[in-house]
Each structure stands twice: as C-alpha cells, then as structure tokens.
Amino acid sequence: MNSFGEIYRVSLFGESHGPATGVTIDGCPPGIAVKPDDFMADLSRRQSGIRGTTERHEPDLPEILSGVFKGFTTGSPITLITRNRDKISSDYDEFKNIPRPGHADFVAKIKHYGFADFRGGGHFSGRITWGLVAAGVIAKKISEPSDISAKLISAGGSADINNAINETIAGNDTIGGIIECRIKNPPMATGEPFFYSFESAVSHLIFSIPAIKGIEFGSGFASAAMKGSEHNDPFIDENGTTATNNAGGINGGITNGNEIYFRIAVKPASSTGVRQTTFDFAKKEMTALEVKGRHDACIALRMPVIIEAATAIAMADLIMIDRGIHGVRKY
Amino acid sequence: MNSFGEIYRVSLFGESHGPATGVTIDGCPPGIAVKPDDFMADLSRRQSGIRGTTERHEPDLPEILSGVFKGFTTGSPITLITRNRDKISSDYDEFKNIPRPGHADFVAKIKHYGFADFRGGGHFSGRITWGLVAAGVIAKKISEPSDISAKLISAGGSADINNAINETIAGNDTIGGIIECRIKNPPMATGEPFFYSFESAVSHLIFSIPAIKGIEFGSGFASAAMKGSEHNDPFIDENGTTATNNAGGINGGITNGNEIYFRIAVKPASSTGVRQTTFDFAKKEMTALEVKGRHDACIALRMPVIIEAATAIAMADLIMIDRGIHGVRKY
Amino acid sequence: MNSFGEIYRVSLFGESHGPATGVTIDGCPPGIAVKPDDFMADLSRRQSGIRGTTERHEPDLPEILSGVFKGFTTGSPITLITRNRDKISSDYDEFKNIPRPGHADFVAKIKHYGFADFRGGGHFSGRITWGLVAAGVIAKKISEPSDISAKLISAGGSADINNAINETIAGNDTIGGIIECRIKNPPMATGEPFFYSFESAVSHLIFSIPAIKGIEFGSGFASAAMKGSEHNDPFIDENGTTATNNAGGINGGITNGNEIYFRIAVKPASSTGVRQTTFDFAKKEMTALEVKGRHDACIALRMPVIIEAATAIAMADLIMIDRGIHGVRKY
Amino acid sequence: MNSFGEIYRVSLFGESHGPATGVTIDGCPPGIAVKPDDFMADLSRRQSGIRGTTERHEPDLPEILSGVFKGFTTGSPITLITRNRDKISSDYDEFKNIPRPGHADFVAKIKHYGFADFRGGGHFSGRITWGLVAAGVIAKKISEPSDISAKLISAGGSADINNAINETIAGNDTIGGIIECRIKNPPMATGEPFFYSFESAVSHLIFSIPAIKGIEFGSGFASAAMKGSEHNDPFIDENGTTATNNAGGINGGITNGNEIYFRIAVKPASSTGVRQTTFDFAKKEMTALEVKGRHDACIALRMPVIIEAATAIAMADLIMIDRGIHGVRKY
C-alpha cells in the first residue's frame, strides 16, 4: 500500500540504508515543464543542516529515470531516485532485539516476520519522505494557481521556537511541534463525496508521514466548544466569500473557495539521547537504552515542506478526478 | 468516490429525501452469521429520539437485498437498504438560492452544476451515515475479538453534557462535542506502510462523516508539547505491553497490541434556529435566514456509533489485506 | 471484486433467487437525462422470451433508488434494482452435491465454503448481468456520439442461426455462438498505457460475463498468420483514416479514430437437457444427471446487448479518466 | 494507469531510449528468497539474440534498488531497474511527422499532445516489458507450486516455425504467431466474481502487452461451434478432476483445479523492412516509408516469457486477495 491517488498516483520505495530512495508519479499530464533545479528549493527545506535537525548532509537532487523529455513531462510515469549515502548502519544493530520505545522497530519486526531492513529505520525512516517532497514539487505545478504554505508555529509547546530547540539540544532530548498549513487561491468545489472529501484525502496522506499524531481543519477542536450561531460562516458576496472562516474553507468535504487552513501535531522524535528503559526481547528482561548517533532534536522543523507536498498531492489528485488529464493541461 | 476499502469495500448510496438509502458491502467473507436483528442496537443508537437530537422517528431496520442466505453471508455483495419516510421536503426549498451558512448547500450546487437533490441535504445529509452504521455491524464481526467503543466526552466545551444540551435547546441553537473512541484487544501489527497506516485508514473514513473537523491519536496535540523522553512508551514485557500509552497503541502507523484510542472534534450542526445573515444568490444581496423545521441541538450525540462503524470498517479492511478471505474465516 | 472502473464505477449485487438484483453506478456526471423508459429497449433485448432462450418472463424495468432527481442524474451514486420473481428454487436443490458439468456449482461451493446461495446459480447466474445492461444504458449516454452495436454472427458454427437453434431445441441441447461488436464514431486517443489499454479494459469486463471464452480485436487470430506488410494499415489522410483496418481501430492500446471492432466466443450453456455423467460428491461415485427446468438453447442470443453494455462501461470509464467529470458534461 | 494489481501491485516505468526502464512491486510478502541471478533465465529468454529477433544485446540484469535485504524480500516495495544502452535515437527521428503504419506513433502523439518521448517507441516500446518479466520472476515464486509454461506454437500461420522465420527474414518482412500457455498444478478456487474472474485478470494484463490481438481460454473460439453436451467436462473424482478439459480449467471465472490453458494471437511487428505507404502529417500528403534499423522478424519469439510473467502476476494477485500476506508466507 505504498501508492496513493486515483489518477495522480504517487508510489514510494526505498529503505533508509538501501541503495536508493525514490518515487514514481503516474497520471501526470504531459507538457508540464520539469527540470532538476525545480526540486532544489523544496528538497533543501526537507534536508538536514538546519539547526535542531541532524547534521547529515545528503546531496539528494533527483536523478530523473523516466517521464521527462526535452524538459517537459511526457505523460508516462516519472521516476525520480536519489542514492543513499553517508550510511553508518552499525548505529542500528542493537535495536533488533532491544526496540527503541516509541519507534517502529517493534512493530516492523512483527509485521515483516523479521525480514524488514532494520537499518536506519528501513522503510519506516523519515528518509522515505524524500519521494513525497519530490512528487509534491510536480503536484504544486498541477495545483497552480493555488499557493500552499506550511510553517512551524510552536515547538515543545512554545511559540519561541529557537529557545525551545536550544533547551532541547542542551538536554540531549527531542521535542514535538505544531505545523499550520494554508492554501491561498484554492480551487473551488474540490473534494468528492462521500469517501474522498478534501479532509479525507489530505488527512489520509498526512497520517502516512511518520510522527504525525493529530490534524484539525479550520477551528478544529475549538469548534467542538462552539455554538452553531458562532461557528457558521456567513456568505457575504456572490463568489461565496464568507465573513469568518471557521470552516477552514471546506463545507461538506468540498472546498468553498475561501482560504483553506489546518494544523498538524508532530510528536517528538523517539530517538532521544536521554537514557530510557525498554525490554530486551532476546534476554526477556527490562534493560536501559541510550540511543547514540546523530538525530533530530525537533523533526517538526523539517516537516512544513513535507506537509505542503502531501497537501499538494492530495489536491492534485482531486483536481484531476474532476477535470481529467485534458482539464489540467498547463500549456 | 462513494466506496471505501481495498478488500472489505463499502459503497454508500442514497439521498435524504429520495426513495431509499443504502449500502453495499463487497469482499465480506462467507459464513458470517447475519440476521436483521443484529442491526437493531447500532441503528437505534444512531437514530433520532434521543434528547437533543431531532424528533424524527425513522423505523430503519435494513432490508437485506443480497448476500445473506439461510442466516449467513454468502461471500457475494451484501446490499442493505432502508426506505426514506417522514419527509417534509418543503422545509428545504428556500435554501436553493439562499444557502445556509456552514452547510454544504453552496458547494453542492456548484459541484453538481445545480443538479444535486437539495432536499434534506440530499447526498450530503447525515441520513447517508445509515449505511455506514449498517456496514459497521458486519465489520465489527470481522474485527472480533477487538472491542470498539466510542462515547461523547464533552459537548459545547463542557463535560456536563446534559446541562450543555439543555442550555442549547433553550437558546434554540446547536453545539459541537468531542468523541473518544477506544479499541480493546486490537489486532497486532495492523496497518500497511506507507500510505495505508492505521491512522490514515481511520482518519480517511472519519473525515468522510459530515461535521468532523479534527482527529488526534494517543496524546495527539498534547504530544507536540512533550519531550521524546516523556512521550516514548517503554516496553515492559515480551508481548510488547508498554508502561504508558502516549502512542495510542500505534507506532509507525502499525498497531502495537496496546489499547488504541483517539479523539474526534464534531462541530455544531449548521442548521441552528438562531437568526443568521447569509447571501441571496438570486437577488445578489445580503439577507437574514431563520432555519425552521426539526434539527439536532447536538449532532455529536448520534456520533459515537457512527465513529465506531467507521473505525470497524477501516480495521476490517486492514485485517483482510493482511489475512485474506481465508484468514478471517469465522466458523 | 464486484466493482469495475476507476471513475465511472459500476458495482453489481444480487443472487438469482434472492430478493433483488441491482447495480450502483458511482462517478456518473450530474445533468444526464435519465428516465425509466430509457432502460426499456436494452433490458428487453436482454430478457427472455426470444425463441431459443428460456421462457421465463421477467418484467424487470429498474426501480431507481437514488442518484436521479427531476429526470437528471444528480452526481451522486445511482442505484437501480429489480425484484427477482418467478423463482422455482427446487429446480436447483440436487446440484449441491451433484454439480452440473461445465457450471460454476463446483467452484462456488469450494470458493464460498458451502455458504454460497446455490439457487439458480446464485451470484454466478446470468441474472446478474441485468445490472450490467442497466449501467450500460447510462454509459452509452456518456460515450455519445459513439455508436456501439453488437450482433450474433454465428451459432453452433453456422451462419444460419435460425436453423442452428431449431436443431438444438429439437435435440434438447445447447449451442454457443460468436458475437461481433462494432463502434462507429469512437473517441480518438482513448486508452491508458500501460495497463489500461482499450483492449485491456474491454476484455476485463467482457470476461466477467458468464460463458465468454475468447475475444479478438481487429483481424485477431488471423493476424498471427499475416505479414507486417499485409497487416499494417496505411494512413491516408490527416484525420488518421487508414486504408485497411486490421488493427480494429486500436494501435498501441489506444483508439486511432477508425471504426473499432472485435469478436467474442460464447460457449454453449452448460445446462443442457441431454443426459450427462458427473460425480456425486456426497456418495463419492459417478452418476448420471439430467437437468430439468427451463433453460436457454442459445445464450449467445441474449449476449449482444450485454456485450454492448460492457463495452460502453469500459469506454465511459476511459473517457472520464481522460476528460474528468467536467469534460463529459452533456448539457 | 501504469500499475496493475489489488494487493500484489506491479508498476512499470521507463521509455525505450530514456535513462532507465524499471518496475516497482508493492505488496510482495516478506521472506521470499530473491537474488539477482534468479532473473537471469527469464530475462535472457526475453532478450534479443535469438534468430529472428533483433540483434541488439542488452545486458539487462536488474539493479535492485529497494525491498530486498540479506537475500530476502523485506515486505517493502521492490524496485528493479536496468539502464538503457546501445540506443541509436536518430533511427526514429522521421516518425514524428510520418507515423509508421500499425505502430503507436500516431496515437502517442495525439494522446500526449506531442510531448511523448518518441525515440524507440518511448513508453510504447516492447522494451517496457522488461519490468513485467522481472516482476513475473517474483510472482512465479508466489504462485508456486503452480508451473506456468508458454511456448510459440505457430508463426506466420505455420507450425514449422523455423522455416516461416527464415522466409520472413529473406523477405525483409515480419510475421505474427500464436502462443499457448499452460498452468500445471494451478491453485483451486482462484478468481473473484464478478469483475475479477481468472480470465478477466489474465486478459487485462495480457492485452497490455504490445502486439496482442486475441486470447481464448480452453476450447475458446471452437467452443462457439460446440453443443453443451460436447463442451461440458464431466467430473470424475472427488478432487474435481474432469474427463475432458474444454473449460481450460476455469468455470464461472474460477479455477477448478484442472490444468489451465489459453492461446494468444500476436500480430506481426509493424516495423517491417518492406516499403509502405503512409501519410506525411507535416506536408499533408501521402508518402512512402522504409523503416531502417534493426527490428524483430517475429516478435512472438520473445513473447512466451512475457506471457508467463503476465499470467504469474495476475495469479499472484488473485492468490493474495484470497489468502492475504500471511497466507502466502513461503518460509
């Protein structure tokens, strides 16, 4: 189940320490201008080197294996890969029998009967989101003129994000954060009842991303405490503009033309440097675990571009269902 | 896009004031005992008559059109319908040009170019969840011995739910609420990376339900304010039991055998009795609107059984992907 | 797996002697004129009463349960049902342990662990094609101005079809036949590489129909004996018209604008009146079987309209993938 | 639409003269032994060098990018690629405006609005079947102990295949052929009614392969000339063995345990060396065309292994739907 989308279909592959990580995009209309540099900005935002994230430097511009010819998409599947480098697999050997609390080590072993590539988190690694971001670059072109923009609005419960991260690094620990995503100029009437509402499509994709634990659209959880007379957004003109926007731009699962916004809860990375207790499944006894190696103090710092990509992919698919390949011709 | 599921596939149909509402369940294994009475408890919980919900009485036990023979599922598609009765369509006539704020009236008209059945909310009505609850009854049998239980834990921001509803009825308004759902004895290692994580499947289905605006798994939004050393759940035995359960029973999108829990934000129903302003799209001017007729003061009261059904359907599909039709034989 | 189609999605349900047989059509664009009489012509062609087919008379115009409002499709799922009447289930009792040679009795019992509704062939009955024909009526509207026309061109190996059927009835036996289907004014460039070629879509659907054993497009099996210089169809004008049409209007899985044609082999119905040997699975010994009751001498007589429906459904789905819901607006 | 399969899902990518050709296999159970040499035999059978096919030598063992760890599948997607070499793109320049009769040149240009990579047939090239054969190698492991074997039984209408090919080479032309495929020890009760019958799954995949124009199962087109009393296969023992096998091992779309067999018509390659007429779409006039370069005299020679692969993939998917990932564990 490593594919998403009915028409604009994104398939991810790769394991953290395997030969390569990549993505295939099927259903992309022909004639969209694509060059390797287009991926630079988003892949750099995702990449490490930012204060608070790991120090690894992964020069990971995509190699385009198919689907682009003379600078334009051909209409055939686009496969993009990046080689995995700078791998120190020995870091991970001990987790085979002593799973890290909060990590997928334990379930991956059971799910895959012990055959999963456990190195670096394998297919459960954040590394796999590389393909998501790459596919998002093209999805954003399909979604134009919509403008999708996500940012980190708090970390570890604080709006002073720099300070929160400094304290976390000092404590050798990790923290979570909250991302807000906004879509300006959204397409009108996008979302397919009953089961492919705008929120269904977006949340499906976003809960595929490791470490996401919550999502709320518009006034979200706060709306549960509101009255209908407060929450309802009055229409004020013939374009359907509303005076307030508690709905976050979505009624009945369908976009109403007003700005779309939603917030996402990112849990702290499980690979903390703080000493923890866990169970040794070989020796069948409790044990202490100290995770060494290089890890992110705040994975939420890398997340905005991943959230944008997931949103763009969901939106591109919904747009293509409505308009077809003909309808999203961009030239 | 009125179907959900890869193997256990649920398809909804019907409009609020059309001839019938129904559901087809494809991919259900043969040999599961099903009789009409099995649907009584859950459909009654969904039904009106509860204080705070509408006064309509819908005697809506299913007619089984196919897929059940001599009291057992046959392995062929199960179609269940209920006739729509007690319809007062004239209640809705005025909303064609004067869309109710917060409701799908406006987007439905654009989406379907004016051809949507607008009576009673048409295909956007909460009435459509009848089929979801009916499909959930069978999905629960597939998911056994898991026990899925949802309840309303606050309404209008208050844990004193009765009082909150009384005040709302007095004010002729509506309120939202928060539902908590818990799954005891969940299946181990259920969830399919990358795109069909347990959270992805559940949130996809739950955001299809009208009025849902947020979902959080485990410690959810609170986890964004936590440190990794706090959030991680230490394993304490060889079954994978954890000392705490911030993860809500899910690591890396896969169930870890501990109790699963999540919370859902339900917005207040948009059909409030309080006078509101909106736009008259025929006259092209602002206008006032007073929604008459019978409506729910707190739609969240009806929601727990719908949330259980959606959860059971998502879980049944994930179980069947893993085990196949053979693997879920129940006899 | 009782659904077909990526966007125009058809789901069949029902068992021959169950309460009803039906179909749900999801993904149909809003605004297509549909009235019950539209189904008359095609459902009558499918129906019995024709010389050579069974004598049962099934007054089977559809009841429209959803998706049509004021004479037009709403954009929501269309569910059509017909009640099963005139059922003589006792005809079939003996086949539980003594499966009819050539029939699905044997495999259905194993597949569904003995829970299948065996009466009248259950979900394997030709009765299930009622929904296919009904869905085809709407698919033909989507496929307009294409004109799809199928006819029986031989029966029992003879072009004198009347004579062949008379002889078969006299011998209390059954015969097969060959259907030819032609599509005039086909859409240009329809078919999606690699896996959803025009031939893939059509053959997938057609091999779902009971009793189909072969299909060939254009010069088909004869092309295997041809040279490339003979088989290639020269282009003769700027519309892509070809001088010959060995390709049957399809190159590389995509329609080229020329007439599409293909032929289909229908085997004789297995329910022959001639005495046969088979195995008694209860007594574990060979036995003789004489199938009583009313059956078709030549099921291929009913097939043309079913083949047209299957073709229209496949074509409607391919058209909608290409053009989207917007692109096939008909008003 | 470059993916096939509900659970065992194969996605193809690549263009003939692009950087690489490849395949991703999703849904493969963990723990299946896979090493590069396993692909040697089947990829060699597909490869050129055989008399009658092109002289190109493509050293095309797969590079395994993901999904295999320590010699076993991990349960995550398996991506296999091969670099395209030995490309002489100038051979193809003239076909942009002067499409080869019988080839996809014309439709590809319209379908992809002129953006398709036309070199070497691009994504329509037989080269793309490399990934199908590679995915088939793993699908055969899942389908064990079934034994799938296809062979060329006639070429250009003659059973003396060598002679037919020699004459074709001498005439600088091409010929078609007929492939027969047999499956010994097939799985029992495989095939999912209504729309995913065994024949539907196999024919869907096989009609994706370039140059296929017909398929018939069991006695196929000949059955149209038979009587029911002749065609029916009597059961003779409690395993369901039949005395004859006109059904080709399939009743009602479901395997009955007897040997499965079917035949496939392959048209002659359109790239013949014989001078042909076609239309010059730039000059808008008829013209003569002589296709130079290296091409296959009889593409059907390469086909048996491709047909086996397609069959294995369809069968693996049907088996996995029935048994789930657990049910096909091989260790």
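Read from first to last, the chains carry the letters A, B, C and D; within each, the first residue is number 1.
We take it that contacts are C-beta pairs under 8 Å (C-beta built on N, C-alpha and C of every residue); 3 or more make two chains touch, one makes a residue touch a chain.
Remember, it's a predicted structure, so these values are computed and weren't measured experimentally.
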Farthest-lying chain, centroid of Cα atoms versus that of subunit D: B
Selected from B-D, B-C or C-D, interface repeating A-D by over half of its contact pairs: B-C
Result of counting contacting C-beta pairs for A-B and A-C, higher pair: A-B
Distance between the centres, which are taken as Cα means, of subunit C and subunit A, whole angstrom: 44
Whole-Å gap separating subunit B and subunit C, where each centre is the average of the chain's CA atoms: 36
Length of the line joining the C-alpha centres of subunit A and subunit B, rounded to whole Å: 25
Residues of subunit D whose C-beta touches two or more other chains: 1-3, 6, 12, 76, 111, 123, 193, 321
Chain contact graph, described as a line, ring, star, complete graph or other shape: complete
List of subunit D residues in touch with subunit C within their complex: 1-4, 6, 12, 99-104, 106-108, 110-111, 123-124, 128, 154, 156-157, 168, 171, 173-178, 188-189, 191-197, 199-201, 203-205, 207-208, 210, 212-238, 240, 242, 246-248, 251-256, 265-272, 274, 276-279, 281, 284, 286, 300, 321
Of all residues in subunit C, those that touch subunit A in their complex: 6-7, 76, 193, 320-327
Interface residues, subunit D side, partner subunit A - complex: 1-3, 9, 11-15, 18-22, 24, 26-27, 30-31, 63-67, 69, 72-79, 81, 111-113, 115-117, 122-123, 329, 331
